[in-house]
Structure formats: structure tokens, C-alpha cells
Amino acid sequence: MPTSYMKLPYEDRVLRPEALRSYDLETGPVGYSLDIGLNYYRGLPLSAVESLELTVDAEPVPEHLILVELNGKLFPTSQLSAAFTEFWPIKKDLRIYVFNGGIEDGPHQVDLRLILRCVYMQFAPGVWGMIDNSASRTLTLQGER
Amino acid sequence: MNIDGIEQGISLYSFNREFVTLPDYTIEDALDDLVALDVQQYELVGSVFFEHYPRPDPAEVERVLAASEVRGVTPFSYGGYMDVGRITGHDPGPQDYILDLTADLRTARELGCRYLRETNIPIDLLPMAAEFADYYGVNIGIEVHAPSKPSDRHIQEQLEAFERIGSERLGFIPDFGCFIERPAAPALDRHIAAGADPELLEYIIANRHSGLTEDQMHQRIREMGGGEAERVAIAEFFGFLSFGPADLDGFTTLLDRTHYFHSKFYYVTEELEDPTIPMPALLSAIVDSGFQGVLMSEYEGHAFQDSDAPLQLARHLRLEQQILSGSAKQHEIRSR
Amino acid sequence: MNIDGIEQGISLYSFNREFVTLPDYTIEDALDDLVALDVQQYELVGSVFFEHYPRPDPAEVERVLAASEVRGVTPFSYGGYMDVGRITGHDPGPQDYILDLTADLRTARELGCRYLRETNIPIDLLPMAAEFADYYGVNIGIEVHAPSKPSDRHIQEQLEAFERIGSERLGFIPDFGCFIERPAAPALDRHIAAGADPELLEYIIANRHSGLTEDQMHQRIREMGGGEAERVAIAEFFGFLSFGPADLDGFTTLLDRTHYFHSKFYYVTEELEDPTIPMPALLSAIVDSGFQGVLMSEYEGHAFQDSDAPLQLARHLRLEQQILSGSAKQHEIRSR
Amino acid sequence: MPTSYMKLPYEDRVLRPEALRSYDLETGPVGYSLDIGLNYYRGLPLSAVESLELTVDAEPVPEHLILVELNGKLFPTSQLSAAFTEFWPIKKDLRIYVFNGGIEDGPHQVDLRLILRCVYMQFAPGVWGMIDNSASRTLTLQGER
């Protein structure tokens, strides 16, 4: 039974330099979006997300301000673990929208804790391999996509 | 390349680092790399290369077939998975296995693959799997993968089940990662770069199977002057990078029931040597068994270094060719 | 057609039978039917016309926009839904409503719609909905739909919440199906064809709101010689085809907070009469309120007959025009 | 609160004359497929399926022989109610595969009982409107698609 999380060496692609963007609507910036790459060698079902916690500039982002987009579909974080028919492939990002009214231009410290279940690696009933897809990086806010 | 009935193929998993890290690296690029190595047969892992899994879009299958045809290469085997943990909080039952097996068999058939690699099928479902394999005209191979070894009880039970069921459709795909005898050079280099003493590392390797527990090894190495870097190395060598004397006896028990091989490797030197996996012994056992089929090179060194997958694959293919030509010659001499 | 500031539109839901039953009938065909009726503004219901909902594929949105542009028509409003029962066994909470509202607002914005029709937003989420409406630049209308009536407590509570919040973005979309005064002719014809006595049907209609319970009505009609056909009619008229005196007083309370109207209808006769819904009274109340905006014809007769939606819509548009021209004239006279 | 199921007048499209087809693989027929149309005025999430029971020639078809396909994805019937991110639109069929070894040529009596939850019509906690998408028809087995 594993005592630790698997962490592959592709961490650099989790939070890429252009990943943080302003999210602008009719009224101007309403928040920001953050693209999250997979640090694994294969794709996984979205239901593999065991936990997703985002901290920006040392402030945890409240769950109710977050929507997650994959394959053109939107999810509150609470629904991710149930979304077993959505596949998160290697070449696609999860996009997180945070509706906090916008953030300042310039650099921001982004800390993502993202734990994924390894859906083909069962050690015992209810016990699965775990993947650490976390990353931390200082990202500079980019303009609207 | 076909040496005495043994052909060489490449698992496209070998190009995993390129596919994962280079946004513009596509399945077409992987096939170009395959062609450049003068290899025609390949394995494709669905959950790596497809955007939809367990069932790809028809357009995705079409793309692979078109890219293969134009390059004169062939999807020999399809790498499936039993993603039976897909439904959160649900312990998998027979329906979950049957669903994933059916999805993968369909895809393998659509790709024209003769073989489907599966990660795990419960023994009581194997008779149904054999029936499904007949339906779809696709042979099912269960990969024997580290940390399992061929002699392990559950592998031998699978072998017995295969014999009992009697279907030629069911077989093994031994992955040579089962036979790691010592850490690959890049893994050692990484620890040395982190400050580990090469002599202490050699001591750990030499005594990994001397009966010491992980805790006892930690204590011994501390006494010999080791620190944090050596501590990390011990944790790795007793954990997911475990190694030990190759289970060659177990290996030979599987050969009559083997569909093809994952010729897994981490690093081949310029001198065409693999200090990690006992290739001469493995290939000689394969030749001696009379096996006719495919050795599928599977590079996994990208876990330890900035890889040059094509260079490493070229070396590995030549290494295999050297050994097989030698074995073929010996075999000829012996059978005269 | 713009009569004194009141414009006519058509909800594409009117073509539901065609879209559902004719495999080749597409959104383009619906827009052709719209153009043939000389109407430019329309409402599109996402869960009817899109293959993906609550979020359509970008290509689906693009298709609607391209088909509209080439025909010179405009998606005026987007018909959304709060599908908050999507997760089996889960009672919806705020996140479920917010998710569906966000998805629909995005789509409405992408379509360039000024209005989003929603089926239901809990009162405590209305302030947030008003904020979201500002974000997306889309007005949110809550449909007032049968079996609700404008005077119903929960509708009046919504009205109070709208006033309290004070945002012009929030409003009502009254659906004239709230004001059915008697069953539509095709519904009656269906019961007569099934063997019901027309006189007994008239008796049921006349006494539907005389204080009799459904059971008492069943008994009364049995005593008068009614049988199975009349029994079915009673069940329907007391159930989902309920009707009664139109709640015109309630209606007028909503008018200042109304975004636009679903001018629902089931059948308009050759003589341009709708015996089911009191159109003259409704339209006159609208004109008197000073409302400027869209009357969105919404044909729903396909529930009762093999429909000719275009013919029925043509009649309905003319019926509205007649009434509005008359009202406009009266209005003119009165305001002299 | 409704005392009965809604049933729309589009029942003819649930089981269409060409809906029943032989399913042939390497070994010949391994079963059959059945296309099921929606008898409703709008699309619904697949998780709206409250129950699906198929009877062919008066024999109930066992659940373990059935796979359901929508949007190119496959489901055992037991997973349908969890598939909340798949949308069953008006113009697409559910395709049911039955792996029973095949059925005879000629006509078959097909009885489908399919109950759907009306996901936007809640009457009380846990109580939702229900849609009857059932149909019965004699269908003639068609050749492989």
C-alpha cells in the first residue's frame, strides 16, 4: 500500500506562465481564469479529482466562487467527483473560473493543491493509488483571452 | 526487422514525455519517430493518445488509421486499461470490468489490432473475456508488470486459469520492468547529484536483498555517514524503484502463454549495454521457448532524465538485434 | 410588425412537433418558417434545439448565428431551464442553481440575446442573479407559467423581491397559458371523438369552478349518463388542462416588471378567434400599462392535434394585430 | 403533486420500424441493437433515466446482457442514473446493445418500459415530475447496420 502520492516530473505544465487570465464580461473584469495542466502520463476521468484547493496570494479561494470547465461543460467543484463520464485528456486543460470581481494586474502567487485518484490502481476495497497534481508558481495576470 | 521469427515493435508510450510536454507533438509525430527507427509495428495506449476514453471518437480512430496507412505502419496492439475506479466511492463489480473490456475490445477491433493489452481482469471473468475475445476477433493479453513478478501467486493463478479455459485468445504480456536488477544509471546519477555518496549507493544496492529491513538499512547507512540524500535513495529503492534478482524461472513458465513482450527499458549505454535489465538472459529464454512474435520496445527512462527517446530506442533495438542474432546463431548450432 | 411600440416575435418552441417528429427538420427550417411569417425576432430553447445542454458546443451557437444572419432574423431571447434535478438522488442547493444560471447566461450572451427566460430561481438567489445579469449584459426573466397564476403567493413574493432588489435586469415573462378560460376546441374534439357527449362536456366546463370537487363532478356526470370518455375529460380538466376565470387583476400587477410575453395559444379559428385565452382583455391591459416590447407567439396546439404550426401562427399574429390596432386606435382616442 | 406520468404524443418515434438490428461481430451475430427515441419535447440528461426495462417476445432481457450507448459512450444500465453530464438530445437515439448470442430473423414483440425524471419539475424534496417514455411494437429484425 502506498505511503505517498505519485508525482510525475511534468509539474511545469500544471501552471504555465500564461495560465492566469483576467475574465472580462459586460461590466469589465468579473474575476479570472486559471488553466490547469495534467501532471500525469495519461488522461483520467474528471471524477478522479479527489480534492482541488486553490490559494491565490496566500488567500484560499472559496469554493462557491469557483466554476470548473472541461470539454465545454461547467461544474461546481462539488460535482467534479461525480463526473465520471467526462475524460480529462493529456492535451486539454481544466479551466477554473473564479468570480471574485477581478484581481490586480501584475504577479500573483498561485498555489494549487490537486489530488487525483489513480482509477486503475486499487490496493484494497476503497483504497486507490493517489496522484499529486499540485503546483505553485508566481503567475502574471494576462489580458482577456 | 525479423530475426528467426522474432519481430521488433515499439510502444508509442516510449514517446510519452514528448507527447505530454510538447503541445505540438501529435500522434503523427510519434509515428514519424517510429518510421525514422525503421519499425512498422506499434502499440497505442488509448488513454494517452485519445481525447476520449474509454471510447474514442470515431474521428480519432480514423485519424490514427489514416496516419498509419500513409506511413506504412500498423497498430499491432492496443493498450487498454481497466479504469474501474471511475465512479467515486463505488467498489467495482463485474459490470464495471465488462464495460471497460468491451470498450477497449471495440476500439482494438476498429484499429485493426490483433492484440489488446489489459491491466487486470478478475479470474472469474476470464471465461467471459475469452468469449468476448472471440466475438471481437482480438486477443487479450494481461500485462505482467512490476511490482508483480511472474512467480507471484496471482500470476500463476492466472496462468492456471488460462490453461483451464484453453482459449488461445488469452495470454500474458510480460513487461521487462519486472526484471530490474539494479537502478538505472540516470536514477543513480540523480541521487549523486543530490549529494549521495556513490559508494554508499552501491552498498545499498548490493545489500538490498540481504535481509535488512528498510529501517535497518536507514540505520546502517546513517552509521556509515549517510544523510538526507541517501535516505531518499533508500526509500525509493525499497519502494517504487524496487529491484532484485530477476525472476527468470517464473518468466519461463509464462512463455507458452505469452502473446508478446513489453521490452521495457530505462537506459541503454553507448556500448549497447543495459545494466538494469538482464536482456541476454530474457531474450535467450524467449528464443529457447520457440516463441514467434513481437518484442515491443517500451522506453520509460523519461521518468528519470530529459530523455532522448529516439536515441534510446535506436540503441535498444540494436541491443536486441545483437543478442537475438547471437542467440539465433547459437540456436542454429545447438539444433544442428 | 411594430404597433405602437409593441413588436411581434415567435418562440421556435411553436415548431416543436416538426422538430421532434421530422428527422430532417432543423433549426434552419424553423428559421425559414419564421421568415415566411414575416417575423424577425425569435426565442430559442436550448434544451430543444441544441445537442449539448446546458452548454452547447461553440459550433452549435455558431450555426444558429450564421443561419440567423443570412435570413435577417435575430435571437431575441434564449429559453433556459433550471435542470437542478440532474444529479439523481441529490436535492438541489444554491450551487446547482448558480451553475445552470451561469451556463444559460453564457449561452444567451454568445447568441446575442437581450433576454434569458428562466423557469425558476429561488428568491434568496435573486440578488446574485441580478448581479450576474449585469455581468453578462443579459436580462433575466422568470416565466409565470400554468399552473401558477400571477396572483399566486409565490409570484407576488417574486414581484416584491424584484422591487426590493431594484434591478431592471430582473423581470417576468408571463405565459398566456396561465389564462386559459376553457379547453381549446381540439381538446374538446378529442373527447367527443372518444365518445363524450358534447352537452356533458359543456356542463363540466360551465361548472368546473362552481365548488364541486373532482369526485363530486365524476358522480354528477355519472348520474347524468356519462361514462368512460367523460371520466377522462373530467380528470384532464381538473388536472393538467385546468382552466378558469383569467387572473387579469394579478396580470396587471406584473406588467411594470414584465420583460416580454409568451403569447401562448392552442388554437385560433378561421375567424381569428381564440375561445380559450381572453386575448382582447390581455392585450388591452398590456397597452394600457404603456408596455413597449415584444409579444412572443408560442403555439402549443401540437399537444392536441396534428398541427399546422405555420397556419396557426399566421392566424395568431393577425389576431394580435387586429386587437392591437383596435386598442391603439382606442388608446389614441382616449389620449386625445 | 402528479398522480400519473406525463406521456407526450410522440410515442411513434420511441420504437421506429427500423430500430431492431442484428449485431454482428467476428463470429457472426452476437446479439442485437435497439434504437430508442425520446418521447418528449426537449432533451434530458441521461441521469434522468429512472428505470429501463426491456422485454422481447415476452421474455425480460437480463440487465447484465445490456449495454447502452449515447454520445459514443457506453454504459451498463446500472450507471445511467449517475451519468448526469451526458445530454440526451431530441434528435439522438439511445442505442441498446443486447449480447444474447443473437435473435431469429423476422418479427419480434418489443416492450420497452422507460421512465424518465423531469429534471426541472420538482414538487417536493426528492419528488419530481415523471415522464413515461415507454412503448410497445412489433419490430422486424434488420440486417447489420
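Each chain gets a letter, A, B, C and D, in the order it is written, and its residues are counted from 1.
We adopt the following convention: contacts are C-beta pairs under 8 Å (C-beta built on N, C-alpha and C of every residue); 3 or more make two chains touch, one makes a residue touch a chain.
According to UniProt, the chain labels map to these proteins: A, D = C-deglycosylation enzyme beta subunit; B, C = Xylose isomerase-like TIM barrel domain-containing protein.
Just so you know, these numbers come straight off a predicted model, no measurement behind them.
Q: What is the set of chains touching both chain A and chain C?
A: D
Q: Please state whether C-D or B-D has more C-beta contact pairs across its interface.
A: C-D
Q: Please name the chain that ends up farthest from chain C once chain centres are defined by their CA atoms averaged.
A: Ranked by distance of C-alpha centres from chain C, the top chain is B.
Q: Can you give the whole-Å distance between the Cα centres of chain A and chain D?
A: Spacing between the chain centres: roughly 36 Å.
Q: Would you mind pulling out the distance in Å between where the CA atoms of chain C average out and where those of chain D do?
A: About 30 Å separates the centre of chain C from that of chain D.
Q: Between chain B and chain D, what's the gap in Å when you average each chain's C-alpha atoms?
A: Going by mean C-alpha positions, chain B sits 41 Å from chain D.
Q: If you average the CA atoms of chain B and of chain C, how far apart do the two points sit, in angstrom?
A: Chain centroid spacing, chain B to chain C, equals 62 Å.
Q: So which bits of chain C are touching at least two other chains?
A: 52, 87
Q: Tell me, which residues of chain D touch at least two other chains?
A: 73, 75, 79, 82, 84
Q: Which pairs of chains touch one another in this structure?
A: A-B, A-C, A-D, B-D, C-D
Q: Which residues of chain B touch chain A in the complex?
A: By the definition above, chain B touches chain A via 13, 16-17, 19-21, 23, 45, 47-48, 50-53, 81-89, 91-92, 119-120, 239-240, 302-303.
Q: Which chain C residues qualify as touching chain A in the complex?
A: 52, 54-55, 57-58, 87, 94-96, 98-99, 102-103, 109, 134-137
Q: Taking the complex as given, what residues does chain A use to touch chain D?
A: 73, 75, 79, 82-86
Q: Give the list of chain A residues in touch with chain B in this complex.
A: Its residues touching chain B are 3, 6, 8-10, 12-13, 41-45, 47-48, 81-82, 84, 87, 89-92, 117-122, 125-126, 128.
Q: Which part of chain D faces chain B closely enough to touch in the complex?
A: 25-27, 30, 64, 67, 72-76, 78-79, 82
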